[in-house]
Structures are given as C-alpha cells and as structure tokens.
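Take this structure, written in structure tokens, and hold onto it; I'll ask about it next.
The chains carry the letters A, B, C and D, assigned in the order they are written, with residues numbered from 1 in each.
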Amino acid sequence: MKENGTFIKRAMVIGGGIAGISASIDIGNAGYDVILVEKLPSIGGKMLQLSETFPTLDCAQCTLTPKTVETGQHPHIRLLTHSEVEGVEGKAGDFTVKIRRKAAYVDWGKCTGCGLCQEKCPSKKPSEFERGMGTGKAIYTLSPQAVPNKPVINPSECRYFLEKKCRVCEKVCPVGAIDYEQEDRFIEEKVGAIIAAVGFDLMPMETFGEYGYGAIPDVIDGLAFERINSASGPTTGQIRRPSDGKVPKEVVFIQCTGSRDPERYMPYCSRVCCMYTAKHARLYKHKVHDGQVYIFYMDIRSTGKGYEEFIQQGMEEEGILYLRGRVSRIFRDGEKVAVWGVDTLTGKKVEVSADMVVLATAIIPQGEAKGLAQKLRIHVDDYGFFTEAERKLRPVETDREGIYIAGCAQGPKDIADAVAHANASASKVQALFAKH
Amino acid sequence: MDYLYFPGCTLYTKAKNFDQTARDCSLLLGFQLKELPNWTCCGATFPLATDNIMALLPPSRILARAREEGTTLTTLCSVCFNVIKRTNRLIRNDGDKRDTINNFMETNYQGDLRVLHYLEILKQDVGFPRIQEKMKKPLTGLKAAPYYGCMLLRPFEEMEFDDKEKPTLFEGFLEAMGAEAIDFPYKIECCGSFQSVGSPEVATECGYKILGSAVKNGAEVVVSTCPLCTFNIDHKQADIKQKYLDFKPIPVLYFTQLLGIAMGLDYQTLGFGQNFVDPLPLLKGKGFI
Amino acid sequence: MKIELTREKVHNEFAKKVELISGQNLFACYQCGNCTAGCPVAFAMEVGPHEVIRYTLLGLEEEALAVNTFWLCASCLQCTSRCPKGIDIARVMDALRMVILRKKDRKDHIHVSEFQEGFLEKVPQIAFISGFRKFLS
Amino acid sequence: MKRLGVFICHCGVNIAGTVDVKSVAEKTGRVEDVAHSADYIYMCSEPGQQIIREAIRERGLEGVVVACCSPSMHENTFRKAVKSEGMNPYLCEIANIREQCSWVHQKEKTKATEKAEEIILATLEKVRENEKLEAISVSINRSAGVIGGGIAGMTAALDLAEGGYEVLLIEKEQALGGHMTQLSKTFPDLHPALPDLLAKAREIERHPKIDLHCYSEMEDVKGYVGNFELTIRKKATSVDWGRCNGCGLCIRDCPVEYVSPFERGLGVRKAIDLLYPGSVPQKPVIRRDHCRYFHDGSCRKCEEVCPEKAIRFDQQDERIGKKVGAIVVATGFELYPTEQLGEYGYGEIPDVIDGLALERMFSVDGPTQGRIIRPSDGTVPKEIVFIQCVASRDPDRYMPYCSRICCMYTAKQAKIYKEQVPDGQPYIFYMDIRADAKGYEEFLQKTIEEKGLLYLRGRVSRVFQDDGKVRILGVDTLTGKMVEVAADMVVLATAIVPSQGVKDLASKLRATVDRHGFLTEAHIKLYPVESSTKGIYLAGCGQSPKDISDTVSQASATASKIQALLSTDQLLQDPLIAFVDENICSGCGICVEVCPYEAREMNSRRGISVVHSALCQGCGACIAACPNFACELRNSSSVQTLRMLETFV
C-alpha cells in the first residue's frame, strides 16, 4: 500500500462479477492493493451461471475460471465475500468504508473446503443459483469451483436454526469449523478510490400477468435456460423441461419481455437478449436435432464483432424460425403452453402450442443498487442504473472524484463491453493514484 | 345500508331473472337495492371517439340524478357499470368536458359519486364471511367457472376492478359459497359482445372457445355477470352445436342465481326458465334443490 | 401491390382525421403486432389491427377502409391494455368506423330491416344499443 | 526415471461428453513411470489445481501432463500451479484433448478415447526429456506508442500520460480528431462534437508527457514487447511549423483550390491549408499534388506573403527512430466508398451522398454552414430518403457484419433535418433498428413520435435519376407493398471498413487481422483490447465498428493494460527458444537469413551463429534450415519430437 502524505493508494471494487474481477486484476497488476467486496459467498457473478457464451460458444466456466482463480491468488487483491457496504464517508484519496461481513456460521479460517458438510446436510431447498430448478443444501457453495471455496449456512433453510435439530454439519466437519453463534461483523476499510460494479438482475417473471405471472412451470427465463444447458446444472446439460423432465420438441423464445415497453415496463433495450436467445436456440438445436425453435422478436440487435454472422448462421444452418412480432399472451393448455403471437411480415396471427417457453426478460439494476448509490452519493437514472459523468467522453467516471462505475451497473452490456468498461475504470483509478 | 341501484334496460325485460334474484339476495344479506327514480338508458358503450360529447350525455344524466339521491350507485350489468364508471371518471378528470356537459344538461355534477358493481359491494361492504354465515345451502362440490368478460376489467387503469390478467374477486365469491372455482384461460377473453348483431358467426366462434375451454378445465357450470355475455355463451349454444357437433351444452348462470341457490331461495323465483340450458338436473343432482 | 410515397401521402388527410378522432399518434406504433396477437376476433379479420394502422399511416385510404377489421372489432380493449407504446388501438378502430359512418353518403354497416324474423326478440337490447352506435351512421 | 503425473479434465461435457475420461485415466495410470493419474470435472478450477498440487507434494512428482483444452487457454495457469509446489514450471506440459480430439470427433467416441490416450502418451514422452528452465528477464522501455490520433488514440494517449508514462502519438493527418472532427452533433444527446474534442486535443498538444507527431506514419517496427523500435516517417509539410504562427495569410492568397476529401467532395481547400478551421495543431500543410510550385514552379505566393518566412519548398520527408514498450493501434475506420455501389448509382448521382457528407453539411463550419441543401441545385430537399445497411449485413456482395452505429446516426440526422425543414418528410428504409445502448431506444422512439419519421421496413433495390429527382425502388415488408419514392435527396448509411494501409501496418507489427481487415483481439470476451501479439493493444473502430462511448471505454482499457504491463521495469520472457551447439555449428549463416525475427547473428570472432535470446520467438525456422542439426529448441528437441511421433505410428 503506497501511502504518501494523506492520499491512500488502495482501491475498493464493489461487486465481484466479471466487471469487478477485470477491474481488480488490472489495478492489482499495476501494483496497487485492491479490496474486492462481493455480496455472495464467492465471486464470478452472473457469468458463473452461464453455460456457453456468444459468439464463440466458449464454455463460460473455462473462460471465467482462470480469472476467478487469478483474483483469488492475486498478491494485491483481498477478497471480502459474503459482505456488503454499509456506509461510505470521506473524499477521493481518503474514503472510509464501513462493511458488514455477514455471518457465514462457518469459521472460514479453519475450513479447508473439503465439502463433507455439503454432502451430509439433509435439507433440500430449491437452489437460487439454479433458478429454483435444482435442489441445494442449507450449507452450500455457489458451485464446486467457487472462489473462495468456503461454504455458508443459510439460516432460513437450516434445520438447526429453524427447529434447533440436526447439527449434522458440525458433527461431520473434520476441523470443527461450524459455529452457529457467529454474528455479523462490521469492519472499516480506508481506500483512495471506489469502483461500483454491482451488475444487474433479471426482471422477475412474476411481473408479467400476460405470461402467467411466473406460475406456468414450463415458462422459464434466460438464466434458467442457461442452468438447464450447463454441464454443472440440475440436468447436467440435457435440455429437459422443468415440469415433467421431458425433452421439449417445440420451444418458443420471446424477446423484449419487459424491455422496449415504455407503457407497461421498461422503455430501454436490454441489449444482450437478442444474442443470448440466438445462442440458446443454437445450443438447443445442437442437443435436440429434431426440435423446432420459434423466436418472437421485433428488431434483431446483433451489433458486436462476429454477432451478425452468428445469428445468420443460426438461421441458415439450424433452421431457427424468427417471427417478427410480440406475443400477446401465453397460458397453460393441458400438457402444452399456448402462445398467442403474430408475424407482422405476413400480418397473420400466429398460435404455437409449445412444450417450453423461454422469456428474455429485461435487465434491471441490482436490488440494492439505488441504496448503494445513496451511500456513494452518486446519481442514478429513473431505473436505478448509475449515471456516468458524460455519456460520450467519460463513460466510467461519476460526478464525484474517486468514484467510478463499471459493467452493467451503468447500463446493460455484454461481457466484452463490460470487461472493456471495467478496464477503463481501472485505468482512471491508476491515473488518479499516479497523479498524487 | 341501502344502495342506489341502476338496473339498465335489459335487466328490466330479457334478463328479469338476473334483476329479481339480486333484489331478493340483497334483502337476505341485510341491504336494499333502491332503484334510481326515472332512470334512462345508460348509452351502452363508452364513446371511444374523443369528439363524441353527445354520447356522454346519457350516463352523465344518470350520474347527476343519482348524485341528487345519494353518494353511491350500483349496477349489475357490466356494460352499464363500464360506461357509467368511465364517464364518472372522465367528468372528474376532464374539466372542459365536464363544463360542456353540465352547461348542456343544466346540472352541476362534479364526478364525486362512488360507482360500485354489485360484486364489489358483496366483497367490500357486505363481506364474503357474512355470506357464509347467512348461507343456507353451501354449494360444496359444484365446479363453477367464473367468466369475467371485458367490461369489468378493462381499461385496467380506469376500472380499477381487479388484476387485468389474473382476476380473483369472482373466484373468492364462488369459494365463499363453498363451490370449487375453476380457472380457465378464456375467462378474460371477449364473448363477441355486440357482434352478435353485426356478425353472429363471429360471436358463435367466441362463445364456443370460451365454453370449450371451461369444459376442458372441468367446469360443470359457467357463471357470468352480464346479460350480453350470457346471451353470447348461453343462448348461442344452439348455433355452436350446429357448427361443432361434438360440443356438449353446459348451463350458464348469473352469479346472483347461484347466490340465490346458496341463500336457499325458492328456485322457482330464480327464473331458470330464461336460461337456455336448464340447470335443474345439475342442481338437483348435486342436492342443492 | 405498389404505393408511391410522397410527403402529402404520409401526412394525409385520412390519417390526420383518424388521429384527431382517436386522439392517438400513429407514428408511435413500432409495428410489434401485440394487438393482432391478442385480438379474440382476429381470426375472422382480413388484416390485423396493426396492419390497418400501417395502411392508415401510409395514406392508403381506400384499402384501409375496405377491410372488415374495424367492423369486427368488439371494443373489448384487450389490444389497448397490452400495447407497449400506450396507443389506444380500440379508439383507432372506432375512429376508422367513424370516418366511414360520418362520410357525406353516410352508408350504414347493418340494416335493421334485413334482420330475420324474431331476431329482435331474441337478442338482448344492450347488443342493439352498442351495436347500433357502432354500425349506424 | 522421473516420477510423472497425468491429470485429465472433463471440461464439463466438452471432453467427457466424447472421451471416456475414466478409462483413459486408468490406462495412463498403468504406465510404469506414471506415479499418479486423476480426472476432475474442471481441472483449471481451484479444486482441480488443488488435486495437482497435492499429488506433486504427496507423490513427489517430477513431471506433470495435464490433458485438457488448448495450451493457449490454461498453460500458464497450470505452470503457476506446479511452480507453487516448487516444481520447475517447464516440466508441466499440456495434452490438448479438447480442440484436437473431443471437439472434432464427437461422433466416434471409442476412436476419440483411443486418440486422447495416445496424445497423453506422446506428451509424456516429451515431459520425460524436458529440462528445468528459468524465464528470461528482459528490461523494458517504460513508454507507449499510439498509432492513430482519432478519439480512440487521443483518449489512450491522455490516460497513459495522466498515469505518468511517456507517450508517442502518431497521426497520419495533419491534425488530431479523426472522423469525429467531421461530425456535427453526437447521438443521443445532440451535443456538438467539436468543442469537447478540441479541448481534449489542446490538452494533448500541451501535455509534457505526450510527444505528438502529426502528418506522420509508422514505417517500420522491430523488437518485441517492452522493447519496440519504431521508425516514423514525418511527411514533409513544406511549412516550418516551429516558425509558423497560424496567421492564415498564405491560405488567403493561395490561388489553387481543390475538392477536399475532408469535406467529402462538398467543399474545397486551398493547396496550402488547415485540415479544418480551428484544427489542433493549427498548422497548414502544402498539398504537393495540387500546389502550382511543385507542378511547374510557376507560383510562390505563399512564400511571398508569409511574415515569418516559414515556407520550406525544399523540405523532405524525415525519418526518426523511437523506442517504446507497448503500442496501441487506433487506426479508426473509413466508409465503404459509394463509387463501388452500383445499385445506388456508383456515386455519380449528385444528390446521393453518404452519412459523413451529411454530417459535413450539418456542421456549422462545414461547406454549407450547417444548412442541408441538394448538392445538385442547392435547393432545400423536401423529400429525403435514408437507406440503412448499405454494404453492411450483405454477406454475398459486400460486408457480412453490422456496422453498429448507422441506425443511431441516421435517426439523429433525420431529427436534425426535421428541425431544419419542419415540413420535410424523412423516409428511413431499414431491416432492424439497432438502438441498444443506454438511452438509445428512448431517444429513437421519442424522435419517431415527435418528428414523424416514417420507418419503412425493407431494403432499397435500386436508386436512379429520374427527371431531376432520385427515384427509389424499395419495399415495406410490413404491408408487403412495393414502395416507390421520388426523393429530392438520398443519404446512404454505408458500411464501416478499416482504414487503408491497416493490413500492411498489421503485418509490420506482426498483429493479425480478420478477412475484412479488422484487427483481431486475443479473446473476444475476456481480452477484448489485447491483440494476440504481446505488447500490441487495440482500441476503437480498427478492431470492429463501435460508437464513441464504447471507443472511449476501449481506449481507456488499453491504457489500463499498458500501465499494468509497464508498472515493473523487468519483463519475463519464455525460455522456450533456440540454442546452438557450438561444437557442431559450421558458421554457414543460413539460419541468420531464415530467421523472421532477426534474432540470429554471426559471431565473427568464433565463427559460429549466436541466438539473441530476447528476440527469438521459438518458431523453429532455423532448426529446420540448419544443414548439420547444430541447433535445437529448448524442451522440443528433435529426439523428443521423434519419440512423440512413435507413439502415434
């Protein structure tokens, strides 16, 4: 930690997704210390849940794991996972950040990550990481390759906390790391600059009355499809529908669910859904050759490098049917899901009796993004995305010196743009430190 | 507590059973429908053309007169409810249209009347538990499919009646009477409304889709709240049968007729004669009569 | 099958009249087709609501007024409730009806005299009142 | 005999879906000098590496083969893992059984399993002969070179200079700013483009750490990451910029006017002129191909009128050499030339212009002072047609990719047009409207609603002149109708293509370009700003079409990567390079000519060839050429290679 006079040359990155990781590695490689604060027990963010990434269909694990491992082992980066920022005081070069280290009920110092507790834990709960499809345990790590590979107990699912029974994990732990009395701890960190990279969430399916309020079992969202398609997911990569595990032969993908809808939901475009839906369709066809894919869209937005060719290849080689029009309503119809759409190019109303429907729901800011913005005293737009200093020439700075933003916290963007955006914010931090 | 009641033209004649059962049930439930003196036609549909002030006059006249008599007005037929409530809201919000109407009719109505549908009274003021107390014959085991139609629900912001995609008020009412409410996707789709005048075959198609879906989901009876919807899904069953030979007709009742049965009214007064498919075999089979 | 577009065609009198009566801005429509997708009587229509709006915008008065779309519309407002751009499609359909019904030569869509025997007694009066309002000039 | 370890990765289903990983692990485990074999779902993950580290510690392994994906993905991940257990990293080799086996033999599972086993056995042969090696540390030059002075190059240069590093900025034109200087306003907020840009340009001009070279091109580059030697050709400006005070008299009196490419053929420049009024640096240049003096020596007007005597007719191109540690390539873009678009009139119809030409018209300091007029007769166009995807998304005839920004600048131009010509009617022929970044969709819908832009979904098949107007043959696929417009003016949103000369610049830098000429990044998702050649970084439209905010992000990102690279003054090089066996080498010198990296010299005193360890990239050309097998590659000796081949035969 180079410290001359009062200016502290240590950066804090809030949010451990691909943006937070990229920014931390860059600042760390430049020789400055970084504290990476992540709300979940391990870093990786939403990318952990992806199966493959467009346009090259690299498997997300293979491209993300070296980065998470590098962050975990980086001499200059200190991970504060399972922690949240409570308050921020001070100015550039002298921020005091109060952090709540949530109780993990496991002494991470002793724990070796052997995984025995997770095997033996009797409780079965729908795992949030698997979007409610797979079952998870009360004591869990987000994935077998989690960084850090330390489990956490979820009090609202754990038999001991609910009924004072069980304590299996305590019995089976070889190093006695389980500690039910652990409390949330508060620590303060002094840093010189802060990068907010808290990422995004998907609009919950319960919002859409016309699509069944999330109550129709075979209607899932994009992230759920990623889990179904992922080798480490609940169906080990086989495409099976959640209701009865059958292989769906007719799959409908609906774009712009909640996006480009100023009247009822979000007016903005969520930018990445056209690409990940085309990817889903192609991955589905790779695994179910005789399946038929319908994609209801309004404008296909594939503007990145190699994106347009990826989509055209999907149409030509895999026979993916693009129908230009919105879907007005879907409802359960016996075994099937009835889809009422339209093809505005023929002007015809289109009805599909689908086995499974995947909604490309809108990207919205992280739940606590607005709260964090108040703590950091930076502006957010009406939806909760952080506002950049100047849209064209200063996309990563905010109006407060020393506080920068990176990734989807500023607005929906794909992984490549998020990484470039995060590296740009790292560059600004390095420039700030070099100036003092 | 008495409610000013606007019956509307059809309930006076072709849907007399709907009107009569409502009046009888209200008395049993401890309130009275006081008919609005010298009421006139409600103008049927709310005028969608923005420059059509003339069509707003009939509902405005009813509102002004009702305001002289009291503070709340209720109605049974969803078409009357829709046009009166939307006009009431327009008068409350649109200053210059309010002045034009008031000047023409020499009235000074400010839009402060509370317009309620009969079902809303049962839920909010009377309360479903009260119905359960007063109920004589619970409808246990009756699979009833509630059909909302369009006029109660839409436009969503103006009607503020229930959720626009998954309404539950009607289901609550049926379950309060012990019946099993059958959810079916077509409960919010249109019955064809006045198309039965202009294009009867289209209304037949709509009626068939609604009844078909209800039957497919296990309904033994469909319950409606509007004489026009009831006509399109009940009386049109003859035309539906001609076109779709395998179609099995199903009884369609007004929700007040069902309430009447539950409250133990003598079934002769429930006017089942006017229903196209006679519900008596079903009701007797279930032991409700 | 072919149209010649000019400035006057785009900002034509017909489209302006429809916009005036319905109070809607047709340029806001980005042709997503949600209205046609959700319309319960679309199966019987020659062209869907989104397409007749497109015809109006492009100034194709004869073609727009020749279709049966807005005569079949039952004003059930399913389209209006789901339009992502907040256009009141039902009002536009009503406006298209009004354009014809208010024309100088004022021809009615239905003729009471042609109803068969006993039809008036069978159908509830509400149907006639709202029907006549929509179909008679 | 070394104790070896074999670790096989499932890579989810990528490998395990085709190769029977368990049986391969079991079979390779039985080889006599393999002390330990294991498999795991993601060997590159933390638990995976933990298995390797524990096996080395417990079984005392002296060599490791990891059978997983391509070495370019995880070679240094596993070498770092074995190094943490004290084992020399170069005793760990990768057997690629994903790209070279499971991904290409998905249909023949049994044969793929056999092949995977053979690949592992071959790699074991290699590890048996591998020696312990140490990385070579090389001192580096802590400065950076930026090629291209558009918004991308300027942002990268400023960020690096703010970070305290020396920056060499080379710009082909005589002033900074690139295409952004030609723009009127930027979407979506319609801020004027020039003011902020010129503020940044002046900041660069004054910045002590930035060595700015305008009107210069990079001629040659030698060396490797940390030690690049650039040769810059400073083109003769025929004006001594040191003495010139920018008074502008020479420009006023110069008799020669020529059609200026900067004004896209709509305006003129004098033979001696600035790039554009208010350009930074504010220095004129004599265009020798237009100047009468260089033509027939008949005019010296500028020299006569110049108060500072700054005109230098005899000035020659100058070459200067500079050393830098890293290079940012920010070469920007061009628009697809309208001359090559037959169906739109080969550029011969005066009223058919491209997007940049319209930007010049809308610019207040442009040829029409911001007013839109028809180039043919100067009248105000009442019917204007914008055609999208001209030469973009057209795999068969032009460019297959989407140029990303045209939907937005077309909507912006249509809005500015409507503000200038309220009763005019813009038609926009499009296929998909792509307004996906922050605030773009809202801007688009608001503009369409308020300004009444008519979006017609369909391509235009042909444009031709028809009695004073430009006839458009298009279609509206939403009504299925053919659409014809007799337009006053047509604006083509032509495709973005790389600037000229990028292909040979890339070959000099040994950076790779794709078939369209866009520079290829190391990994589209995770290393978007680094080129596959170490030390070369990419920013802006040179890598792929993007708008200004994405360009600025990418440019700052390159600055961050370079600051990380140059933060230490030593750089570690791979030791896998060639070496010469002195007693066999006969000093014939063949290897010196054959080496593409000039890494071989003759040591005259000892008469044998010597390897320059920092320059050698280990490509093996000299080994193949050496007549008496005097040189070998470290850890890939001929013996090893032959042994590996035997396992396959």
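Brief remarks on what is shown
Basically, contacts are C-beta pairs under 8 Å (C-beta built on N, C-alpha and C of every residue); 3 or more make two chains touch, one makes a residue touch a chain.
Since the model is a prediction, treat every value here as computed from it, not as a measurement.
Taking A-D and B-C together, the chain pair joined by more C-beta contacts is A-D. When every chain is reduced to the mean of its C-alpha atoms, the one closest to the centre of the whole protein set is A.
Centroids of subunit B and subunit D (each the mean of its C-alpha atoms) stand 68 Å apart. In terms of their C-alpha centroids, the spacing between subunit B and subunit C amounts to 27 Å. Centre-to-centre separation between subunit C and subunit D, using Cα means, comes to 54 Å. Each of the following residues of subunit C touches two or more other chains: 30-31, 43, 50-51, 78, 85. Contact of a single residue of subunit B with at least two other chains is seen at positions 164. Looking at subunit A, residues 210, 260, 262, 344, 347 sit in touch with two or more other chains.
Residues 22, 26, 29-31, 53, 55-56, 58-59, 61-63, 65-70, 72-73, 113, 144-147, 149, 230-232, 236-237, 260, 262, 267-269, 271, 299-309, 312, 344-347, 385, 390-396, 410-413, 415-417, 419-428, 430-431, 434-435 of subunit A are the ones touching subunit D in the complex. Of all the residues in subunit D, the ones that touch subunit A in their complex are 10-14, 17, 41-42, 44-49, 69, 73-74, 77, 80, 151, 155, 159, 162-164, 186, 188-189, 191, 196, 200, 393, 395, 400-402, 404, 432-442, 445, 477-480, 518, 521, 523-529, 543-545, 548-550, 552-561, 563-565, 567-568.
Within the complex, the subunit C residues that touch subunit B are 20-23, 40-41, 43-44, 71-72, 74-78, 80-81, 88, 90-91, 93-95, 98, 109-110, 122-135. Contact residues of subunit C toward subunit D in the complex are 1-7, 10-11, 25, 27-28, 30-31, 50-51, 54-55, 57-58, 60, 85.
Residues of subunit B touching subunit C in their complex: 8-10, 13-15, 41, 43-45, 47-52, 55, 77, 79, 150, 154-156, 164, 188-190, 192-199, 201-202, 205-206, 209, 226-228, 231, 235.
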